[in-house]
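A quick write-up on the structure given underneath.
Order of writing sets the chain letters: A, B, C and D. Residues in each chain are counted from 1.
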Amino acid sequence: MSMNTFGHLFRVTTWGESHGPALGATVDGCPPGVAISEEMIQQWLDKRKPGQNKFTTQRQEADQVRILSGVFEGVTTGTPVQLMIENTDQRSKDYGDIAEKFRPGHADITYWQKYGVRDYRGGGRSSARETAARVAAGGLAREAIKMLAPGVEITGYMTQVGPHGIDRARFDWDQIAQNPFWAPDAEAAEAWATYLGELRKSGNSVGAVVEVIARGVPAGIGAPVYAKLDTDLAAAMMSINAVKGVEIGEGMNAATLTGEDNADEIFMGNDGQPVYSSNHAGGILGGISTGQDLVVRFAVKPTSSILKTRQTITKSGEAAEIITKGRHDPCVGIRAVPVGEAMMACVILDHLLLHRGQVGGQIGENRGKIG
Amino acid sequence: MSMNTFGHLFRVTTWGESHGPALGATVDGCPPGVAISEEMIQQWLDKRKPGQNKFTTQRQEADQVRILSGVFEGVTTGTPVQLMIENTDQRSKDYGDIAEKFRPGHADITYWQKYGVRDYRGGGRSSARETAARVAAGGLAREAIKMLAPGVEITGYMTQVGPHGIDRARFDWDQIAQNPFWAPDAEAAEAWATYLGELRKSGNSVGAVVEVIARGVPAGIGAPVYAKLDTDLAAAMMSINAVKGVEIGEGMNAATLTGEDNADEIFMGNDGQPVYSSNHAGGILGGISTGQDLVVRFAVKPTSSILKTRQTITKSGEAAEIITKGRHDPCVGIRAVPVGEAMMACVILDHLLLHRGQVGGQIGENRGKIG
Amino acid sequence: MSMNTFGHLFRVTTWGESHGPALGATVDGCPPGVAISEEMIQQWLDKRKPGQNKFTTQRQEADQVRILSGVFEGVTTGTPVQLMIENTDQRSKDYGDIAEKFRPGHADITYWQKYGVRDYRGGGRSSARETAARVAAGGLAREAIKMLAPGVEITGYMTQVGPHGIDRARFDWDQIAQNPFWAPDAEAAEAWATYLGELRKSGNSVGAVVEVIARGVPAGIGAPVYAKLDTDLAAAMMSINAVKGVEIGEGMNAATLTGEDNADEIFMGNDGQPVYSSNHAGGILGGISTGQDLVVRFAVKPTSSILKTRQTITKSGEAAEIITKGRHDPCVGIRAVPVGEAMMACVILDHLLLHRGQVGGQIGENRGKIG
Amino acid sequence: MSMNTFGHLFRVTTWGESHGPALGATVDGCPPGVAISEEMIQQWLDKRKPGQNKFTTQRQEADQVRILSGVFEGVTTGTPVQLMIENTDQRSKDYGDIAEKFRPGHADITYWQKYGVRDYRGGGRSSARETAARVAAGGLAREAIKMLAPGVEITGYMTQVGPHGIDRARFDWDQIAQNPFWAPDAEAAEAWATYLGELRKSGNSVGAVVEVIARGVPAGIGAPVYAKLDTDLAAAMMSINAVKGVEIGEGMNAATLTGEDNADEIFMGNDGQPVYSSNHAGGILGGISTGQDLVVRFAVKPTSSILKTRQTITKSGEAAEIITKGRHDPCVGIRAVPVGEAMMACVILDHLLLHRGQVGGQIGENRGKIG
C-alpha cells in the first residue's frame, strides 16, 4: 500500500477530510463492462451512514455518491472511476474549541507532529468519515465480483461488544439484517442494546469485534510472499480507523492449539473438489485461498471522544482538560461492519485480477488440477 | 506490498526455495554510507538458524550470508544490496515421499492449485526458510537505523507457548537472551521447556505468541491512510509463515475496554516532550508513531508437520495418509522471534525514510512543534 | 508508472473523460505547508485552455479548478489534494456521428479492442482533455518547488512547427510570452502564423516540437537505474497525447557525435561548484542531475482530426469514410507546451522528495562534497 | 519504475556493480510453467558479451548465468527467479587511477554528489555491465512470450552509426546476424567497419541508433494513461546507459508531417482483422498496441572513455586531466542491440500479463470485437 492508495491492480485512492467540501475514492483498474450505477453503490453507503440509529453518531449526512468518470452507458470503461461524496452536515462549531487541544486517543497530536499543520475540524483526514469513500469503492468492487465470480458472498457482522460476545451455537445469518448491530445472535443483540444504552447515558464508549466472511471464493488467489491474501486482508482491516488487532481463522487463539487439533485435514468431495474437515486456517494456506470460507476478524477500540473529562495538552505545551460535547458514539465498531465488508470486497477483487494476470486462466479455474 | 517485495523506499525482495541452490534478499533503497559487513548481518542469522537447540528443527544449515553488491569499502553505496545465503543441508530424501501428497496445514495444495507446478522439497518457496532472507535484510536495516536514529532499540520475545503465558509482573529484559525461548520470564521458560519436551516426544506441536517492542522510535512516522505504521506492521507480521493474528498495543483486547479505560492521556514531560499516562495504543495513533514504545504481537499457529498420521489426498484425488518423519519442530514460533525483529526493523527504517521524503527535516525532528 | 498514476512520492492520479461531468487529479504525497489556492493553479490552466487563440481548438471551456481536499487555511496538509475541473462545453452533437466509426490516428479502435466499451464522445479518456488535470497537478508541484527549491525555473516553448524550426541564434526568453506559440524567436512566430493559417484553411494539421528547460535544479536528483531522472522525464513526456519522440540534451543527434565532441568537460567554478564546458548531456549523467539546465524535447504528431476525408472501418467491420466537422486544431502541439511544463514540475518535485527520502540532507545539499 | 525495479506484473530488479563479485536480476511475477534453462538464457548473454569482436570492449567475461531459484524440473514455479552472473575479469588496475577523478560524460561525478560514496571501479553501478542482468531477464521474458503469445518476434538492429545510416531500400532481415553490427544492410555494415576502424585507431568514439521491432504483438495491450505501452517502452530504452533519445514509429520526424500524411488509414483485412495503410504510429495508438509492428528507436551517445585527454576535476576540487587507457569502445551502441531487444521482451510480456489481469480473456483475444 502506498500512502493513500491500496490494491495492486484494483487500486483505490481515497481523498477528503471530515469537514472539507467533499471526499471520495478514485478507483483505477476496474475491469471494463461492469454494470454500475449510483444506486448500486448508494445502498452500501446507506448501510454505513451516521444518523441511522440511536446507537451511532447523530451527524446527519446524506452521503450521496456521484459517479464522475469511468462509466459510460451504465458500464465501467476500464478507466478511473471517480466516486465523490459531498459533505453537507459538518457543524464546525461542535469542534471549534479543540483547535488548540489534542484529543487523547485520537490522531490530533500525531498529525500535528508529523505534518506541522492539521485540519482539526472533525479530525480532518484522520476522521472515520474517510471510510465512506472505502464503502463506495467496495460497492463497485462487489459489482465487479458479481460479474467475474458470481458465487462469492461477503457478509460482515459483529461478534462482540465490550466483553459480551455472541453465542456461536445460536448463529443465524438471517438475524444479521434484523437488528441495529448486524448481530447474528438475537439474544446478544438485545443484551448489547441494553448495555450500550447505559454506556451512552453515562457518556462512555466501548470497543467491539467485527467478523467478515467471504463464501464461494475460488481456491488459488493470493500472491505469496508479500501480497499473500491474508497479508493484504490484515493490512486492509488494520488501516480502518480504531482497529488494533486482526485475525484470520483461529487468529490469536491459534497459539493455544496443538498441531493435532489445528490442522484441517483434506478429503475429496463429491464434486471432485477437495474438502476440508475443518477451517482453522480461515480459508487461507500459505497466503493463498483454499476455497473455504475466508474468515477475518478485527477489533475496534473504543472511541476516546467521550463525555468525560480527559487530561491533555495544548499546542503550546500547556496542561488542559478536554471533553467531547455534542455527538458521541458509544460503539464506533458498529459502523465498521460495512467498512470491513467493503475492504474484503476490494481485496478479493484485486486478487482475482492479480491471479489471472500472473497465472491466467478463467476465474475459478485452477492451473493445478486435482483428480 | 507487491508479490515478493515489501517496503516503500527501503524495498526488500526475497527469493529462493527451501531446497534450491540458494536464497536471499535484494535490498533496494538503503541509504548510502551505512557501515555494514557480513559479520554484522550474520549475527542475526545465527540467532535464527535451525539446529540451534533441541527445541527447534534439527536441519543443520550454516546460513552463511554473502554480500554480493551494494557495499564498497565497508559502507553501502545506495545501490541494491544482494544478500545471498547458500543452502547446504537440504536432505531431499526426507521429503521425497510427499511429491504426490498435500501436507495438511501447509501450502502444498494451494501452491499446486494456483501455479500448477510446485517445488515440493521442503515446501519450496512456502517454506519458513524464506525467513532467513528477511533476517538478513533486517540486519542491514538495523545498521541503517543505528546511523539514522541511534536511540531505537528493537527487541522480540515470546509471551506465550500454547496456553501458557508469561507473567508480566516478572518481566525481565535480561532474561530474554538467557534461555532458548527468548522468554523475559525465567519461570515461564522452565515451564515451556518441560511442556515442549513432552510435546516433542509425543510428536505433536503447539502455537505461540511473539511480541516485538521498538523503543526510542521518534514520533511522527507512518503514512496514513494506507501506509499507516500499524498497517505496514500488520502486513509485515502476517506475511510471516504460520502467522494467524496480529495485534498492536491492546490488540484484540481493545474490544473489551471502555473509552474511559483505553485512552492514553497526554501530559508535558520534563524534557518538553509530550508524555502519555499509558500505552494502550501500542505507540501508534492514527497510523503515526507517538514516540512511545511500538508494541506488536503476533500469533504463530502450530506446525502441521507432526509425527502423527493425518488424512489427506494426492494430486490424482485419492485419499491418503501422511506422516512427517525425521525433522519436526514442536514450536515453530520460537524461530519467529528474530524474524519479527527483522520485520520491525525493516518497517521502521522504511518509515523513517518515507517521512523525511514527504515531509523533510532531520530524523527525529517534528515539523509540528509542541510548546 | 501504474495505469493512471505517475510518480513515486509525489503521486498524481488523473481521472475523467472528455465529455463526462468532470475530470481531475488526485495528488498524493505533496509535502505539507505549501501555500496554495485555486487562483495559483488556475493561471496554468488558463495558459492551456482551448478557445484561447485562433490557432487552437475552439471549444470554450472555463476549466475552473476547485480544490476539494488536502488544503487547510491556505496550505497543504500532507493529505491527498483533489483538484477537480468540471466540463461545461461538451457539444456532444459534434461527435455523435462517430459512435460507430474509428477515427484513424486516434485511440478509438484500440480502446474498443482493449476494453470492449468506449466512451466515443470526444475521445473519452483518450482525449487530450485529460492533460488539463496534469496541468492542475503541475500547478501544485510548482508551488511546492517554490517552497523547497526556490531557484528552480521551468519554461517550455516551441522549437519547431512542421518543418520550420526556430533559429537558436535569435533565441529570446522574453519572446515566449509574446506570441500565441510560446516561440522564443519572433520571426519564427510570424512564419508559423502564416503557415498555420494556411493549414487551417485547407483543413489540414501538422506536428511540432516542444522543448522544456528547468534551470536551477540541484545536482544529485534522480534514482538510478529504473527511476533515473531522464527515464521518468521520458515516460512523463511520452505519456502526453500524440507524443512520438522524446529527447534529453542532444537527443537523437547524440548518435552523430563523436566522443571528443560530445563530452562536457568539467571545471571548478568561482563559487566552488563544478561547472561544465557544455551541456550535450541535457543536465543528466547516469540518470542523475548535474546542476546544469535540464533540457527535454518531445515531438507531437499532427492530429488526425482534420477536415479531409479518411478511410476507416466501423465496429461491424464495414468500410466507411470519416471526416471531422466543427472544431479542428491545426497544431495540437501548441497546447502541449504548458503540459510539458507541468510534467517537468511534477517529475522534478517527485525526485527532490525521493532523494531526500533515500539519502536525506537539505534540498540542494550534496552528500558527496567536492572541494 | 521504482529505483532498481521495472515492470508492473513482470517485475525485474537488477543488482550488482561492474567490479563486485556478481550481478544479476531478481525476476518476480513470471507466469508459472515456462520452460527455461540456463542455456536458453545464455544464448542472449553470448550475443551481448564483451570481447566478442574487435569493435567492442576487449574485457573477457564469460557472463555465465546461473538460475538460483524459481525454476523446478525445468519450468518456472511462479516464484521469484534469481539470475546471477559472476564477474570474473575485472582488471581493477585498469581503473585504479581514477579513484579521485571524475570522468567527463560519465556518472562518476553525479553518483559522488548524490550518494557521497561511489564504487569507482569500472563505473560501479553506473556501468553498462548492469545491462547483462537485463539481457538475462529478457531471455526469460522471451521464453514466457513463446508460451503465451507464440507469434511474437522481437528483433533489434542498428540503423545508424555516427552520421552514416542504413539504406532502408536495401533492408534485409537475413543480414542482421551476418555482421558484427547487426546491420540489416550489408553495404552499411562494410562502411561502418571502415569508419569504426579509423575511429578506434584515433582513440575516438561515436554514437549510434538502434531500432527494435516486435512483430505479431496482439492488439489491445498497453494501459493508459501512465502505463501506456509507448510510455513504458520509452522509459525502458531511456534507462539503458548512454541513451539520449527514444522514438516510436515516426518519432521526432512526426513533427514535420501533416495530418494528411501521418494518419494510418484503416481497412478490413482478409482474415477479418483490421489492417492499416501504413504504420507511422509505430504500432501504438493512445498507448495501446494496434497489432501492427511495434517500432522503437533509441539513440546511444558516444562513450566518453576515449583515448584523448579530457579536462576534469578531482574530488578535492582541483583541475586535472584524464585519459582512458586500456579498453576502449569505439561504439557502445553495438552492444545495446541485445539490450534493447531484452527491454522490448520484458515490456511486452509485462503488458500481456497486465492486460489479462485487468481485462481478462485469452492472450490475443480482444474484448471489443470488430466485424
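Quick notes on this one:
In this section, contacts are C-beta pairs under 8 Å (C-beta built on N, C-alpha and C of every residue); 3 or more make two chains touch, one makes a residue touch a chain.
The UniProt protein names, listed by chain, are A, B, C, D = Chorismate synthase.
Quantities reported herein were computed from a predicted structural model and do not represent experimental measurements.
Farthest from chain D (Chorismate synthase) in terms of Cα centroid separation is A. Counting C-beta pairs in contact across C-D and across B-C gives the higher total for C-D. Chain B (Chorismate synthase) and chain D (Chorismate synthase) have CA centres that are 38 Å apart.
Distance between chain C (Chorismate synthase) and chain D (Chorismate synthase), defined via averaged C-alpha coordinates, is recorded as 26 Å. Averaged C-alpha coordinates put the centre of chain B (Chorismate synthase) at 44 Å from the centre of chain C (Chorismate synthase). Of all residues in chain C (Chorismate synthase), those that touch two or more other chains are 2-5, 14, 29, 32-33, 78-79, 114-118, 125, 224, 358-359, 367. Residue ranges of chain D (Chorismate synthase) in contact with chain C (Chorismate synthase), taken from their complex: 1-6, 8, 14, 102, 104-107, 109-118, 125-126, 130, 160-163, 199, 204-209, 219-228, 230-235, 237-239, 241, 243-260, 262-268, 272, 274, 277, 280-282, 284-290, 297, 299-306, 308, 310-313, 315-319, 333, 355, 358-359, 366-371. Those residues of chain C (Chorismate synthase) lying in contact with chain B (Chorismate synthase) across their complex are 9, 29, 31-33, 78-79, 148, 224, 353-354, 356-360, 363, 367. Listing the residues of chain B (Chorismate synthase) that touch chain D (Chorismate synthase) in their complex gives 2-5, 11, 13-17, 20-24, 26, 28-29, 32-33, 66, 68-70, 72-73, 75-82, 84, 114-119, 124-125.
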